[in-house]
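Both of the next two complexes hold chain A, though its partner changes from chain B to chain C.
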Partner chain A sequence: MNTSSPMTLVDRWSESLRAAGPLPGPGWLQRLRERAVSEFSESGLPNRKTESWKYTPVRAFEKLEPPAFGSDRGVQAVVRPQALLDADCTMVDIANGVLAAPLPEAPNGVSILALAEGMQRYEIQLKRLIEKVDLEGSSNAFAALNTACLEQGLVVHVSENVHAGALLMRWASSAGGASQFQSFRVFLLLEAGAQLDFLEQYQSEETAEKGLNVIIQAELGHGAALGHIRVQSEPESMTLLTSTSIGQTADSRYSYRGFDLGGGMVRHEFEAELNGPRAFADFSGAFVLDNKRHVDNHVSVDHASPDCRSEQFFRGVLGGRSRGVFNGRALIRTGADGSSVRQSNANLLLSELAEMDTKPELEIYADEVEASHGATVGRLDEDAVFYLRTRGLGDDQARRMLTSAFCRAVTERIEDRALAAKVAEMVDSAMPGGLPGNSAGPKAES
Partner chain B sequence: MSNEQASKESPSVDHFVQQKYRHGFVTDIESETVPPGLNEDVVRWISARKKEPEWLLEWRLDAYRRWLDLTSPNWAHLKIEPIDFQAISYFSAPKSDKDRPQSLDDVDPKLLETYDKLGVPLHERARLAGVAVDAVFDSVSVGTTFREELKKAGVIFCSFSEAVHDYPELVRKYLGTVVPTRDNFFAALNSAVFSDGSFVFIPKGVRCPMELSTYFRINAAETGQFERTLIIAEDSSYVSYLEGCTAPMRDENQLHAAVVELVALEDAEIKYSTVQNWYPGDENGVGGIYNFVTKRGDCRGDRAKISWTQVETGSAITWKYPSCILRGEYSVGEFYSVALTNNYQQADTGTKMIHIGRNTRSKIISKGISAGHGQNAYRGLVRIAKKAENSRNFTQCDSMLIGKGCGAHTFPYIEVGNPTAKVEHEATTSRIGEDQLFYCLQRGIAEEDAVSMIVDGFCKQVFRELPMEFAVEAKALLEVSLEGAVG
Partner chain C sequence: MLEIRNLHATVGGKPILKGLDLKVDPGEVHAIMGPNGAGKSTLGNVIAGREGYEVTAGEVIYNGKDLLELEPEERACEGIFLAFQYPVEIPGVNNTYFLRAALNAQRKYRGEPELDSMQFLKLVRAKLEILHISDDLMHRAVNEGFSGGEKKRNEIFQMAVLEPRLAILDETDSGLDIDALRIVAEGVNRQRSEKRSIIVVTHYQRLLDYIVPDRVHVLADGKIAASGGAELALKLEEQGYTWLEQGGIQALDMEIRA
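So, the complex of A and B:
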C-alpha cells in the first residue's frame, strides 16, 4: 500500500532539498541547483501519460527517502563486490553514493579526480556539461533531482592521444541503513585521440530499499574512443536510474555493452550526439529478468553530421512477472547525408506473466541514408529445440542452451575475450532458474 | 428492425419517423447554415434539423460534453497551426445547384487536367467537379439500379440519416460501440456534430453481391466534413467496401473529422478500401484539407476478419490509424497502406492491432513515400494481451525518400504480454535506389517514368490488396501525385 501519493512525495523531496542549504561549489552551480529544485517541484514525477515513461511506473520511488547529502552515509558497512577485472586495474569505488577515498593513482596523462577537485581544474568544461542537462518537464524530473543535489561526482580526464586502459567503477550499497535515494555524477573528458575503457559494476548485497540516480556525461575529442561496459546484478530492492550522454566529434567512437542481470526497477537512458563526420556510436545490451524485475533501456542517437553510423542491438530474456522496455530512437537531421542506422531488439518471453514493450523509432530528415530496424518478441524456435533433442539433449537442457546462445550475441561483442567469457557465465547463471553446470558469477568479497 | 417495431418501443421515434416521410427527407435542404461556433444549441439544431430521435440527440450532447473535457492531441509528428474550433460552421447544407459550376467550362482547368491524366471518363468528370446534379450523366439511375439488387440480397446500404430513421434499433445497438464518444478529441467532435455518412448491414450468411462504394450512393458526395460510417457484418457474411475515389474531389471544408466503425461477427469478413485524394494544398503548402480520422474495426466473433487497405495521397494533414480489435478467437486483422507526401504535405498514419482473443493473427504492410518537403510518419501499435495465446503479428513498414527536404519517420509501439505470441517488426528507410534509377535511365526510360516505375514496384504489395478498379487507378494516382518531385 502506498501511503503517499506522488504529489506529496515531490513536495517532501523538494522540501528536504531546500532544507539541505547551500552545497559546496561555485556560485553558478548553487543557482543551478536552486533552479533544479524548483523545476522538480513544479513538474513532479513522470507518469503513464509522460511519453518517455509510458511503460515504466515510478511507484518504486515512493519507498525511498529523500536524496542524501554529505559523505556520512554508513559507507563502512558496504560490502564491495569481487572485481570483474584483475585486482591490479585502476578501480574506483562508490559506496552508498559516496566516492571512496583515496582515489587510485592514475596512469600518465590521465586524471581521476573527485568532483570538487575536478571542478577547480576543468570548470569551463564541467559547467558546459552541467548546464546542458535538460531540467524541464516531468520526463526530466530525475535529471533535475540529480542536478539539485550535485555534490558527489567523479571527473576523469584523458589527455590527447593517451590510451588510458581500463577504469573500473564498482557501485555498491549497504545492506542496512536508510532507504536513501542517492545521486552521483561522472564526467569523462577524452581529448583528441584519447582512449578509455570504462567499466561499471553494480552489485550490492541483498539490501533494504535503495535508490541510485547516476548521470554520466562524456565528451569525445576528434578520433577519441570510449568503450563502456556495464554489468548490473543488483538485488530486487534496488531502484537504479542511469543517464548517459555522449558528445561526439569527428571520427570518435563510443561503444556500450550493457548487461542487466538484476535490479528491481532499472532504467538506463542514453543520448549520443554525433556532431562530427564519421562518428560512430554502438549500443549493445542484454537483460535477463525474473521475478518482478523491470528493466528499461531508452536509447536516443542524434545524427547531426554526415557519414556517421550508429547501431542499437538489444536482447532480452524475460521470466517470472518481469517487464522489459526498449525504446530506441535515431534522429537523422537535414544534411546528415551518408548516415547509417541499424536498430535491432529481440526478446524471448519465458513466462505467462512477463511483458515486453518495445518501440524502435526512426526520425529521418535526410535522403541519402540507410536505416533499418527490427524488433521481435516471441518464444524459442521449436524446430531448434527439436533439433537439439534429436541430438540427445533433454528438453530443459535444449531450451537453456538456446536461451544462452541468444544472449551470446551480445556478450560476444565484448572485445576482451576473457571478460566476455566471464560475463557470459554471469548471464547464464542469471537465467530464470539458472543454467545447470554453471557456477555463479563473481562473489562478494568479505 | 422494421419501423413498426421501433415505433412500438418509443413513441418519440414514431413521431420523427412520420415526419421523415411527410417531408421526403432528402429534399428541403436549401442553403441553411448555422453560424460558426459550437455549443449545445448548435448540436440540438443539427439534430433537430436532421429530425433525429431523442436518444440520438442525447448521445450527441453527451459526446459534446465529453469533447469539452478533451484536448486536441499533440503527440503526432505533425506541425499544425492551432485550429479555432469556434470559427468553424458545423452545419452547412449541400450547395444548391445554382451555386455550382454550371458546366465543365466553369471548372478550374487545372482540375480538368488532372482528370485527364488519371483517365477519368468524361461523364464522371462533371460529377466529381461538383457540376450541378441535373447536368450530370445519369448518375442517379446508376445508383438506384444497384440499390435494387442489394435489396434482393437483404443488404442494407443507405445514408446514415436514412438508417437512423429506417433502422433505428440497429443503429442504436452498434453506434459508438467500436469508437466510443470519449475515444479521442476528434471522435468526440464527430459524434457531437456528424453530418451524415454510410450505413451498411450485411445479414447472416450473405455475401454482398457487389463491392459497395460511396461512389454509387446518391448524395454521397455531399456528406460533409464530419462523416460517420457504420458497417455491420453478421455471422458468416462478407462485404467489400470502397471509400473515396482516385480523382481529386472538390471540397469546401478544410477540417475533416470522420469516424468509421466496423463490426464483424462470427466468421464474417469486412474488407475496407480507401483511396484518399483530397486537396493537398499547393506547391507552397498553402491550403489543403486537414484530415483527422478515427477508423476502427471490431472482430467480435470467432474467425472474423477485418482488412484495411488505404492509399493516402491527398490532404495537407493526415491523422489516421485504422485499427482492429481482435476479440474473437482466430480472428484476423490486416492493414495495407501506401501513404505519399509531396510538397508540404504531412501524414502521421498507421494502425493499431489489439490482440485479445486466442490464436488471433494480424499483418501490417505499410509503405511510406516522402518527396519534396513532405513529412511522412508511420505510427503503429501491436498489443498482445495476456490471454491472447498463440497470437501472431507480422509488421513491415518501409519508407522511401525522394529529395533532400523530406522526412520519413517510424514510431512502432509493440507491447507483448503473452509468451506464446510471436511478434515481428521490420522496417527500412532509404533513398530511392540510385542503381535502379541508373539502370532505367540506361535503358532509355525517362527519369520521371523510372521513378514512378520504382515507386509502383515499392507499393506492389499493397496495390495487390486493392479491388481491381482501384488498383488500376492507384498507379496513375501516384504518378500524378509525384509530379515535380524529381529533378
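So, the complex of A and C:
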C-alpha cells in the first residue's frame, strides 16, 4: 500500500526553508530562524477558525511559491514607479523583495543600512526587536515565516534630536519569474527627540504575481516622532501582507496615513505599544476596492501608560465583489488613567455584492478614560446625488465627486499639502468605474 | 418658455398633482401659493426630475422640448434651476470647487469653453457681494454647517452664477429672518430679465412684498384653483387658506374674472 500523500504547502515551504541552510548573521539569529521554521511547520497557515483571520482567506497565499534566497532575483529588471516625492529625496528601492544597491547617502545623524551591516552596528536593539516577534500559533504563521527567512532587511537609525526629513521606500516586483512570496524586514530606530517621515510606495509591474511579507518594527525614543505614509497601488495579481509594530516611549508620536488603491489580497496589521506617558499613535487609512479585491486592516493599540492618546480613522469604498475588513482594537490597561481613544470606521458600498466586515474592540481597565467609537457601512446619499445633478453634473460625475469627498477626510490628514493633493488625485483615479445608479449607460450626445 | 398641461403625478403611489396646468412666458415671475400638502414642492421636484416622483399623465413642454424625457442634469444644462427648500449638506465637497464643476458641466453641454479657477473667481466675486456671502463660505463644504439663511443665500448665489432660463424657488423664504429675506429677494430681483422666467413657490405672502410677481396661482389639491395678479396674494393673506378650502375659491374666481 502506498502511504505517501502529496506534501502540504506548509511542508513544502518548511522543507525549502530548511534546504536553504544557514543564512548569514549571528548564531542567535540562526537558532531563532530554525525555531521559526519549526513553529511555522507545526502551526500551519491560519484558516477560518483562526479568529484574527476569520474574514480574510489565505487562498491567495497558497498560490505563491516558497521564498527564494540570495540576490539573484532580477533586481535590475523591475520597472520602478514614479516617485511620490521629488526624485532628489532620499530613496530606497526594493525590487522583488531584494534591497537594491547602492543605498542612498544618509543625511548627518542618520544611518541607512542593509540588514547585515545594521546587525553589526545595532545588534542589541535588533536582537531585542527580532526576539519580540511572536512566532507561535497559526495567527502568527506569517511572522514565523518572515523570521525563518530573515535575510533581506533595512535598518534606519536616527540619532538624538536629529530631524531626518523624508525617506521614501519604493516596492516593486517584476511581471516575469516565479510567483515567490518574499519576506522583508524594516527596522526604524529613532532616538530621543528624533524625527523621520517614512514613506512607502508599492507599485509593481502590471501583471506581477508575487507576494510580499513585510514586517516593520519601529522604536521611538522619548519625544521622537515618526510619520508613516503608505500608498499602495499594486496590480490585482499581487498579494501583500504587512505588519507594523511601534514601540513608543513618553511623549513620542506616531502617525500612519495609508492608502490602498490596488492589490488583489492585501492585509495590514498594526500594533502600537504606548509605554510612556503622553505617547500618541494615530492610524488613518483609506481604501478603494473593486472587482474581487480584498483589503484587511487590523489595528491594535496597547495603552500601558497614563495620559496617552490613540486614534483609528479608516474609510473604505467598495465596489464590484470586493471585500473589506477592519478590526480595531484598543486595550487600556489598569493604571493607564487619563487615556483617550478615538475610533471611527466608515464605509461606502457602491455595489450590492461588495462586503465590509468591521469590528471595534475596546477593552478598558483604567479610570478617567475618554473613549469613542463608531462604525458605519452605507451607500451614497441619493439626495446629495440629486442635488448635484440639478446643478448640471452628470450622474457619474456626481457620484464620483461624493465618493472622492468621502476619502478626502483621510487624504486631508497628510500634513504636506502638495503630497496630500497628489494622493487625493491617485485616490480619485482608483475609484471603481461602473458606479451604480447609472444603469441607463452612457447617453447619446444631444 | 414653460407649458404644463394636465399634469398628474404620484409620490409613492399617492396622487399629489391632479391635472395641473401652467403657462409661464419668458421674463415673467409667477408665484405659486397654497396650503401645506397642496403639491407645491412636488411641482418643483417633477420639473427638476427627482426620482420617486412619477408622472402618470400630462406633459411638460420647455422651450419646445418634452422636459420629462430629460435627465435632471440635462434639464439643468438646458437652463432649469431648482432652489431647494432644504439645500443638501455635502461634507468634503468644497463649495467653490462644486460650483465651478457645475458651471463647467453646463458650459460644456452648450459647447462653450470651460473656465479655469481664475476666470471663475472673477465671475463670482461680484455676485458674492450682492448676496453678502463671505469668502469663508466659499471655501467650506457645500452647505455643511451653514445657517438656514446662509443655505438659502447660497442657493440664490448658485442661481446667479449658473444663470438659468427658468428658476424655481421652492419655499426660499422659509426659515429666513427679515434681513435675510431682503438680501435673498434683492439677489433674485437682480436676476429678473426678459429672458429669464422665475417661479416662486411659497406658503406666505411676505416674500412677494419683495419679489413682486406678474402672476399669482393658488395651488390646492393638486390643481391650480385660481390665478390672478399680485393682488391675489394679498387677498389670500387676508383670508387664509382655510377660507379657500371652505369654498372661497368660487368667490375668488368670480372676483378675479370680474
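Some observations on this one:
FYI, the second predicted complex is superposed on the first by the 425 of 446 C-alpha atoms of A that agree within 3 Å, B and C clash if a C-alpha of one lies under 4 Å from a C-alpha of the other, contacts with A are read in each partner's own complex, and residues count from 1 in each chain.
Here is the rule we go by: a residue touches a chain if its C-beta (ideal position, glycine included) is under 8 Å from a C-beta of that chain, and two chains touch if they have at least 3 such contacts.
As the structure is a computational prediction, the values presented were derived from the model and not from experiment.
Legend: residue contacts after superposition of the two complexes on their common chain; A:Ala405 is shown touching chain C, with no touch to chain B. When the two complexes are overlaid on their common chain A, residue A:Leu350 makes contact with chain B while staying clear of chain C. Of the two partner chains placed around the shared chain by superposition, chain B is the only one that A:Thr376 touches, whereas chain C remains out of contact. In the superposition on chain A, A:Tyr387 makes contact with chain C only, while chain B stays out of contact range. In the superposed model, A:Ala77 lies in contact with neither chain B nor chain C. Ranking chain B and chain C by residues of chain A touched puts B first. In the superposition on chain A, contact is made by A:Lys359 with chain B only, not with chain C.
Chain A meets chain B in the complex at residues 51, 55, 334, 347, 349-379. Those residues of chain A that touch chain C in the complex are listed here as 381-384, 386-395, 397-398, 401-402, 404-406, 408-409, 440, 443, 446. Note for the complex: chain C touches chain A at residues 48-51, 71-77, 81-82, 84, 87-93, 98-99, 101-103, 105-106, 109, 141, 158, 162.
Partner chain A is touched in their complex by these residues of chain B: 75, 77, 384, 386, 399, 401-431.
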